[in-house]
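What follows is a set of structures for review.
Shared between the two complexes below is chain A, which has chain B as its partner in the first and chain C in the second.
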Partner chain A sequence: MNLHNAKKTALPIMNLVKMQGVPILDQLHLEERLLRSDFKNWCILNVGTPQPTIVMGVSGKPSELVNIKSVIYNQVPVIRRFTGGGTVIVDKETIFVTLICSREAVPLLNLYPQPIMSWTGTLYHDALSDFGKFHLRENDYVFNNLKFGGNAQSITKNRWIHHTSFLWDYDVKNMDYLKHPPRSPKYRLERSHEEFLCKMKYFVPSKLIFIEKTLNSLQKHFVLRPIQADDINALNIPYAPSSRLLTKEELEKELLSTTA
Partner chain B sequence: MASRVLWASRTASYLRISTFNRGFSTVLKDLKYNDTHEWVKVDGDSATVGITDHAQDHLGDVVYVELPEAGSTVAQGANFGAVESVKATSDIISPVSGEIVEVNDELSNSPGLVNASPYENGWIIKVKLNDAAELDSLMDSDKYTKFCEEEDAKH
Partner chain C sequence: MAWRRLARLNLSRSRSRITSLHYLLSNTSPDLSSESLTASLYSQFPKLTATSISHDRRWYSYSTNLGQAQAISSGGELVEVPLAQTGEGIAECELLKWFVQQGDHVEEFQRLCEVQSDKATIEITSRFKGQIHQINFNPGDIVKVGETLLKILTEHSESDSSERTSPFDVETSSADAQNQIQVSSFSGGVLSTPAVRHLAKQHNLDINQIPGTGKDGRVLKEDVLNYAINQGHICKDSPSTDKVELFNEKGELRGNFVSTSAYEDKTIPLRGFHRAMVKSMTLAVQVPHFHYLEEINFSALVELKEAFKNENKDQNIKHTFLPFLIKSLSMALTKFPLMNSSLSEETSEVILKGCHNIGVAMATEYGLVVPNIKMVQSLSVLEITKELSRLHELATHNKLNTDDVTGGTITLSNIGAIGGKFGSPLLNLPEVAIIALGRIQRLPRFDEDGNIYPASVTNVTIGADHRVVDGATVARFCNEWKNLIEKPQLLLLHMR
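This part shows the complex of A and B:
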């Protein structure tokens, strides 16, 4: 991990930030700032978010995706994030891995959703195929046909972000907050959350090994330069992120709109 | 097969569209294009903007369009909205600068219009132009066709 190697091998540099237990909303705000207002490549790792939180994609409608009554009653936070894609419920056993890249970071990569998804899929195949039958299946990461990683992306003129929430472990009761979505992948085949998902801990020996394998896979394409999370705040990147927590009033209004 | 290709190119010429061999995306002759695959149709000091057939084909099924507000301004080269497809949001970059006078609200209910009719019913915004000279920096249909071919060949 030194700049001399970068010049020698001509691999681009990627800043690596490792975090533990940072709230997912803070992570999303950081990511959006780095995507929109910075020019460097970044890998952000965050192991866990303090409390169970529902995170919807940019176009998500709570009435379609979430059991609003129980979410309000149990005060489960609901976030609308800036990237596309579906709805997840994340907690302290979720591992978040985010890649933010400039156009030239991956040679010949066409900045459209499918090519980016395909390229990142090969990265994780490299990292995880020792542990099970890993596939990128209709934009999800699966072992066999069981999903353990959900992806979302955002593409600007010259940059892209691909972020993943990996289910190291999860409380199956939390899945009851989520409805069966109106748009779901064909391979799901009407399965319930419990039948459709799997826990990474049953496939990969430890979180540390997963992270190590992922970084090894990344290092075939980038020279990783560790950056302390505190140092990013010092960069003073001015950008007003759009990911936000939905208010109780907004959720109640959605509930009323479905019962009216 | 040769006669079908000849018929297709004669028809295309009559309809003032051009097709290129790979990808079969449509490019309309009367429009101008930027290098991020948006088109603009100019009528005096008004312009209509959307994304091209090439773009919608590469994006996949559009499930949501993030629209700006009428009355806001756009700048050439800056993003003014986004489309969502295949778990990704993709910025829409304006080919012109000016004030947005109309937004295609139909796209809120029917985002798939961007795929089905990228140059007609899938238009996104109408703009009162600030500076017509900006149009000189855009590509005509022939240049844009070549641009798409070169881009696809590289990847």
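This part shows the complex of A and C:
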């Protein structure tokens, strides 16, 4: 036991923030600030965002990724986030898990996309392999061949962020807002959303168990330190994040430019 | 409604806090509505200290998989910074933004730009200290691995750093200190720069064994080179013959010195005309071509050319077949305007071009280029000759301007001047026809009376876009043109 504790204290500290129902835009703002203006390790957990929201990667044209007409008509918010990667539609049944780390947090980890992706794959494999055939397939987390977790990253000089949106459950109708992206993973094989995705709730007994398992897996690499709301406010992080909501005018302009 | 609610959450406007973070396992959890507010921004957060610089394998590497030379920083040198291979099989990235601009001074490890590959945005930092000399890409551009992102004029010099005592040293002392931390972590104690380290590696030397003569025992470039000579080291594994030593240990010229460069692969970057050719041929290949071959008797034309030559008072003008062929081509196009057209796929229309802007393919030392002669239908054969000469002169010296190489409506390729009988030329889009002239050969042919005579014949291959023209059109067009060439008097009859 002593050895275990001793070993534990040698692990780096990771601040843990647990949230529920915080809007995804706020979460992205917080994450970007912590990535760029802080130097500690963080794990941000957010269970659900209040309303179905489309979140696009840092580049990429809305007209190619999203059915703009129905998005405007149904007033679905569209956010452009600060990390790369694809487009997702998230709602109150999406679980967000974000890891923000400094260079030395994970020993011998090279700060490139693939090694980081691979490392998180082993992390979630530890957490989820009891519940199904978990794989990291290209850049997605899958059970068998069905995707339930999408990833995105940003790598800076000495830090990296890897965030995941897990589909605990989703409304298949919402997926119709998303087009088949111009670049999609090979294993997708032209499948529609229903045939390509799966709901975590059919594999994992409860959200609580998923989170517990994930944190247990994290604790093999970090000492987790829960952070209170006041502590975050006290950080006073002076950074203006770039993730933003696209305005209706921008979307209309995009729609006009493609139909013109 | 949803729009307005979320617009209120826009950070740039709000300075409120996350006041109600709902803890997952808490019993007294307030219900978070979408009105929850964002974290606050105040400016008293302690400054980041870069204490975590250790072995820094940033988004660059000492040796790229593409074998491109990494310039060794050695003072006042212009170095090219490529998008380096990460060994992940990523072939290209999108450039998102620059953190520097031309003329800016940058320090080692300073952020240069941000790129995106698949799922990740990645910051690229500088290996060198220097000034941004040239930026090659704009935000939104796709950059292939190996392409040069920018050029930096380095200012760092290993010998200078040990001897200089100017105030500049004082300002950069903290940077130097960081560099020292940086480099000592590489080798466990020996101070040197990455460039010197690379040089030692190239000479298969252990840098820890090399005595340093620089400041604080720093190993300098000269130390490495002196050590290499003293040890009698030869650059056995050096890929470049520049490093192969011509003199042995005794200072005598090496016998049996064989240049290894003759057997090595050479990489030629695609630039200028060649690059344009790659692009245009790639497009051309998507068009359904068909080829039509015909034999044309140039005998009458040969006589005409001789006549022009004899009457020629101007020594500067050289009469060739080409101007005549161009003029007769224009006359044939008047009868068959479909051969001088362009397809508009979006609108499903064929545009019959009003001008006969006849392009002439020219092979120059810079590559293949196709300048065109504008409005041939309004030019005389002499005027065409002069214009052709002008374009040829410009092409030879790579001085053609945009106007000369754009707006062509049909192309003529006199490949026969170099050699060959048959060809299958590719279209010069957006044109619908291209004509390749083979070599003029002296062959026996029958005249009208059934007698054999030596004829000057050439094979002509017409390549055409089968979406626009069909075989019959091309055949009739070619017959018309052939007739004009074989009977030049007809040209006189129809000339305007």
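Note that the second predicted complex is superposed on the first by the 250 of 260 C-alpha atoms of A that agree within 3 Å, B and C clash if a C-alpha of one lies under 4 Å from a C-alpha of the other, contacts with A are read in each partner's own complex, and residues count from 1 in each chain.
One rule holds in what follows: a residue touches a chain if its C-beta (ideal position, glycine included) is under 8 Å from a C-beta of that chain, and two chains touch if they have at least 3 such contacts.
Quick caveat, the model's predicted, so the values are computed rather than measured.
Visitor: Evaluate whether chain B and chain C can sit on chain A together after superposition, giving fit or clash.
Guide: clash
Visitor: Once chain A of both complexes is superposed, is A:Q51 in touch with chain B (first), chain C (second), both, or neither?
Guide: Only chain C; A:Q51 stays clear of chain B.
Visitor: Touching A:H29 in the superposition: chain B (first), chain C (second), both, neither?
Guide: Once the two structures are laid over each other on A, A:H29 reaches chain C alone.
Visitor: Have a look and say if chain B or chain C is in touch with more residues of chain A.
Guide: Partner with more touched residues of chain A: C.
Visitor: On the A-aligned overlay, A:Q20 touches which partner chain: chain B = first, chain C = second, or both, or neither?
Guide: In the superposed model, A:Q20 contacts chain C only, not chain B.
Visitor: Based on the superposed arrangement, let me know which partner A:L109 touches: chain B (first), chain C (second), both, or neither?
Guide: A:L109: touches chain B, not chain C.
Visitor: Taking the superposition as given, does A:A240 touch the first partner, chain B, the second, chain C, both, or neither?
Guide: It touches chain C, and chain B stays clear.
Visitor: Quick one: which of 1-9, 19-27 or 55-63 on chain C sits on top of chain B after the fit?
Guide: The overlap with chain B comes from chain C residues 55-63.
Visitor: Give me the intersection of chain A's contacts with chain B and its contacts with chain C, in residue numbers.
Guide: Chain A residues touching both partners: 57-59, 82-86, 110, 112-114, 116-117, 139, 151-157.
Visitor: Per the contact definition, I'd like the list of chain A residues that touch chain B in the complex.
Guide: 57-59, 82-86, 108-110, 112-117, 139, 151-157, 183
Visitor: Taking the complex as given, what residues does chain A use to touch chain C?
Guide: Interface residues on the chain A side: 17-23, 25-26, 29-30, 33, 37-39, 45, 47, 50-51, 53, 57-59, 75-77, 82-86, 102-104, 110-114, 116-117, 139, 151-158, 208, 211, 228-229, 232-233, 235-241, 244-245, 247-248.
Visitor: Give the list of chain C residues in touch with chain A in this complex.
Guide: Residues 1-3, 6-7, 9-12, 17-25, 29, 31-34, 36-45, 48-50, 52-54, 57-59, 86, 88, 90, 94, 96, 109, 111, 116-123, 125, 140.
Visitor: Which residues, counting only chain B, touch chain A once they are in their complex?
Guide: Chain B reaches chain A through residues 36, 58-60, 63-64, 66, 77, 79, 82, 84-91, 93, 151, 154-155.
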